[in-house]
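A, B, C, D, E and F are the chain letters, set down in written order, and residue numbers restart from 1 in every chain.
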C-alpha cells in the first residue's frame, strides 16, 4: 500500500498552468501533487558563444530550489558559491531532454533558457520540471512564431518525464518524497509524445535490480508519460 | 499623471496570502500590484555561531529574484558565485527591520530565517518583502507559541515598508517599475504599527533633494504604511 | 557627557591632506579624529563596459579596511574571497554620493575610481571617506582640466557627509567608535555645499525613533556638513 | 565498419595493472585501449561528517582529467575554481556504483576515497574508471583485512561498467572517441559480477531511441561486463 | 649611471617610524625611498589550528598593495576573489624570514600576524616589508614581555632584506622601480643581524647569470643589510 | 649516512621517457627515484591576451599533484577552489626557468603550456618537473619545426634543476622526502647546459646558513645539473 493510497500505476494529480510569469516569453506552473515547479522560457537573441556563426540555436536549462521548498531549509546556492553536483546533473538532464525534440537550426542563432524553480518539493522535481518546461518552451516558440521571428515551428514533438521505483518490493509510478526516500531502485524516464525514449536513468539505491525489474519500470513509465503528454495537449489547447 | 492612473498617495492593490508553503513554519505570498514575493519563515533550533550562549535568538533574511522575475532575464546568483551588492543590501535591510520589532531574548537560542524570493518584480520588491516577511514571521512565532516552544510571544509590533519618490516633479507613493526607473529621488521607509521609524533610506538618483521634499515623502510613507499595517491586521485575522 | 568630552554638536578635529599618493591623479588623507582614510582618485581612459558609446563618464568607489585598522584584527577580504555586504553597501554609497555632484557627460567616456582605504577606524569611516574622496576627485578633475583633457570642470558642487546618532538619549554629531557601538539610532547624512540632501540613511539599532528625533539629527548634520564643506574649501585653497 | 575494425560486440584491449602508486592502500592503472585511468584508493580513519556515529563507513570517488589527456588541452579545474557539471556527474556515478557492492557497516566508521585520474582519454573514461576503481577498492579492502582493521571482507561482489551506443545505425560495445563523438545514442551500464544492474544511463544524443534499441544495448553491455569481470578476476589473482 | 644618481652600493633613504597604528601590538611605517609599507603586528591568543597542543607559537604574514600604490591602478584582490601568485609568494617569504629569527616555543600557543600593506610602491616592496615587519614584530614581543605574557623575549636576532640586480650590466643595490623594470637579474637577500643567510632568491629576468655575478650581488647585499640592521637598532633605540 | 645510502653528491636514478602522451605536441615522464612527474607540452596558436600583437610567443607552466601522490591523501585543488600558494610558486618557477632558454620571438604569436602533473612524490618534484618539462618543450619545438610552423629552432640551451640541502649537518644533492622533511636548509638551483645560473632559491628551514654553505650547495648543484643535462641529451638522441 502506497502512503498516498495510490495504485502502483497512478500518477499524482497533475496540473499545468500557463502564462504565470508576466515577462517571460513562455511560462508554466507545473504541479505533480505537492511538487510545484515554476518554469519560464526566456528568449535571447544570440546563441551561447561557442555556437556563434553556425546557423543554429540552443536550448538550455537552469534548475534551483527555493530554500524552504523542502522539509527543512536548504542553504541557498548563491551563498555557497556554486551549484551543487545534483543541481548541475538535473539542469543538464532538462536541457538535453528538451533539445531532443527541438529543431535547433529552425531556431536560428538564438538561445532559449528554461528556468525551473522548485517552489515546493515532494519528490520528482526533475520530472515535473521537464514536463512543465516543455509547455513553457512551446509557448515561447509560439510567441516567436506569432511574431514571425522564426518561419518554421521548431518543436518537433512533446516530451515528458516521470519517475518510477521499487518501493517495498513493488514497482510504482511517480514516487512522492515519502516513497522516494526509501525506494530501493530509483529511475527517471524521459519519452517523446510518440513513445520514443530520450533518457533512461536507473540507479540502485539500496539493492541492485534485474533486467526484468527494469522492464516493469519502463512499462509503468510509458503509461505515465502517455498520460502526461495528454495533459500537455489539453493545456496548450 | 502616474502611468498607473493612481493618485499620488495611492498604494497599488496589496494582498497578503498566508500558508502558501507546505513545510515552512510561517509563509506569506505578498503582492504589491505586479510585484510578487514569496516569504517563508524557517525556524532553526540554534542561533548563529557568534550568538551562542547568550540566551538570545536571531532573525535574519535572505532575498533573491527568480531569473525571469524581471523584464529581461537576470543571471542567477548561484552561477555568478556570490550575491550582488544590491542583494546583500536588501537582505540586511529586511533583517534589521524585523529585528527592530522582535524581542530577541524571548525567542531563546533559536534563529528564524526569512527567505524572500521575488517571483515577479514591478518595483518596490524590498518594501513588499518586509511587509510580507512580517506576516511569515508572525505565523512562525504563533506556531512556536502554539507548541509552547516559547512562553512569551516575541513580536512586539507590526512593521511594514513602502517606497516613495519624486516622479516628474511630484512626490508619489509606492512606485512601480515604470516610475522607479525614472524617479529623481528614491526613498524607502520602514515604520512600526505605532508609527515609529525603523529605517529611512533616501537617495538622490538624478537630482538632489530638499528637507521639505524629505518631509513630503515621509508624510506619504506614513499614510501608506498605516494602510499596510491594516492589511496585515486583516490578514492575520 | 560624551566620552570625548565634546559637545553634542561638535565634530572631531578634521584634517584633509592633499597629494599624499605619488601616482594618483588626486589624493587625500582625511582624518576625523582617530579615523584615518586614504582616498585616491584614479583616472581610466574608458568608461565601464555597460556605459560604452553613450558619451558619458562614470565615478565609482571602492572601500576597504586594513586588517589592523580595528581594535582586533579583521580578516582580509581578499582571503575570504569576496567583499562583505557591509563593504559593498559602503562603496555603493560613496559612489552615489560623488556622482550626485558630478557632471558625468562633461567627463567624457572616462571613469574615475575613488579608492578609500581605512588606515585606522574610530567610527564614521564612510562619512570620512565621502568627505575625503570629494577632495581627491576634485584634484583629479583639476589635473584633467589642467591638461585640457576635459573642457568643462565636471564637479558642480561640494559634497560631504557626517554621522549622527542618539547616544544615551541625546542626539550627537560625528560619533566615534565608543559612542557608535552603543548608539540606539545611527544615521548618515550626505549633503551638498548648497545644503541639499544627497543621501539619508537612518536606522534603528536598539530602539525605534520618532519623526522629531529624525529632525534633530538632520539639524545636527546640517551644521556639521557646513563645517566640513568649509574645511574642504580651505584644503583646496 | 567501426574505425578500429572491431566487431560490434568487441571490447578494446583491456588491462588492469595493480600496485602502481607507492603510497595508496590500493591502486590500479586501467586501460581500455587508448583510455588510461589511474585509480587509487585512500583510506581515512573517519567517515564524512554527516555520517559520524552511525557505525557505518562510506565509499566516495573523485574524477579528473589531466589537461592534456584530450586532443586539445582542457583547462585545469583548479584554475576555473570548481569542478564542472560533467565532472561532478561522473564522480557521483563512480561513488554510487562502488557503494552498491560494498557492505558499508563492515567498513566501520571509515571512508575510502577512489581517485580516478584520466591520464589519456579515448572515450569511455567513466566506465574504465569504475572498472579500475573496483580493483583499487578491492586491494584497499584486502590491505585493511590483512592488518585486521576490519573483520569481515566488505566487498560483496565485482562491479564493472561499459559504454554502448548506436554508431552509424548499429549498436556497438565500448565506444572509442571517434565513435562516441558521433554516436546517436550513448549509454553507460554498470553491472555486478552476478549480472544484476547497478546503473543504466541512456541518452539520446542526436536521435531518440526505441525500447528495442535499449534491449540490444543492454545485451551488448551484459556480454562486455562479463568479460570485464573476468579480467578483474585474473588481475586480482 | 643609476636614474637616482645613487652609487651602485647605495641604499635609498630608509626610515622606520614606530607606533603608527593605534590598535596594533606593534607597528612600523617603513620607507625605502618612494616605497612605503605599513607593517602591523597583531597578537592572537591561539595558534593556527594545525599547531594546537604542540606548545609552540607561530608567526605569519599577509601582504597587499593598495590599488593606487602603483603607477596605474591595480585591481583589488578582494574583487578578483583570491590573492595572486605573486602576493602569496611574497607573504610566504615574509613569514619564513621572520620565523627564522623567532624562538617559536617561547611565544607559547599564540600567533602573531604581520600585515604588510604597501601604501606606495617604487620597487623593493618585499624587502622593505621584511625590514619593517621585523620592527613591528619586535614591538609586539616587547608589548607581550612588558605585560608578562611571555617570560623569555622570543626574538633571537635582527632580520632585514634588500634587493640587488644587474642594471645595464652593473650590479647595484636596492633597485627602484625604474631599475627593477629593466634589470637583467633580480635577487632578494634576507640576512640576520649576525650576517647569516636566511633566504636567497635570484632569478634571471632577461639573461642568465654567472656564479661570479651571484657573488657580487651577495657582497652588495651584505653591505646593505648591515646598514639596514643599524637603522633598525637606532629605531628601536 | 643518507637514508638511501647515496653519497652526498649522488643523484637518484633519473629516467626521461618521451612520447608518453598520445595527443600532446611533446611529452616526458620524468623520474627522479620515487618522484614521478608527467610533463606535457601543449601548443596554442595564440599568445596570452596581454601579449597580443607584439610578435612574440610565451611559455608557461601549470603544476599539480594527484591527490594520492603523497603519503597521505592531499585535497584536490579543484575542490578547494584555487591553487595553493605553493602550487603557484612552483608553476611560476617552472615557467620562468623554461622561458630563460627560449627565444620567444622565434616562437611567433603562440603559447606553449607545460603541464607538470606529479603522479608520485618523493621530494624534489619541482626540480624533476623543470628537467622533464624541458624535454617536453624540446619535442614540442621539434614538432613545430618539423611542420615548418617556425623557421628557427627556438630553444637556445638545455635547462635542468636539482635540489640541495643540509641534512644532518652535511650538504647533500637531490634530497628525497625523508631527507627533505628534516633538512635545515633547502635550496633549488636551475642552471643551463652551459653552466649559467637561471634561478637560485635557498631557504633556511630550521637554521640560518652561511655564505660558505651556500657555496658548497652551489657546487653540488653544478655537478648534479651537469649529469641531468647529459641524461637529457641521451634522451633526445
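Please note the rule applied: a residue touches a chain if its C-beta (ideal position, glycine included) is under 8 Å from a C-beta of that chain, and two chains touch if they have at least 3 such contacts.
Remember, it's a predicted structure, so these values are computed and weren't measured experimentally.
**Student:** Compare the contact pairs of A-B with each of E-F, C-E or B-C and report the one sharing over half of them by residue number.
**Tutor:** Selected pair, repeating A-B: C-E.
**Student:** Specify, for the interface formed by the sequence copies chain C and chain E, whether it is same or different in terms of residue numbers shared by both sides, with half as the dividing line.
**Tutor:** same
**Student:** What rotation angle, rounded to the nearest 5 degrees, superposes the C-alpha atoms of chain E onto those of its identical copy chain F?
**Tutor:** 180
**Student:** If you average the CA atoms of chain C and of chain D, how many Å lie between those two points?
**Tutor:** 59
**Student:** Any idea how many Å lie between the Cα centroids of chain C and chain F?
**Tutor:** 51
**Student:** Check each residue of chain A and list the ones that touch at least two other chains.
**Tutor:** 81-83
**Student:** Name the ring's chains in order, please, starting from chain A and stepping to chain B first.
**Tutor:** So, from chain A then chain B onward, the ring reads A, B, C, E, F, D.
**Student:** Any idea which chain A residues touch chain D in the complex?
**Tutor:** That would be residues 82-86, 88-89, 91-92, 96, 100, 187, 192, 196-204, 208-211, 213-214, 218 of chain A.
**Student:** Can you list the residues on chain E that touch chain C in the complex?
**Tutor:** 21-24, 27, 34, 38, 40, 42, 44, 62, 64, 66-73, 76-83, 87, 113, 115, 117, 119-120, 122
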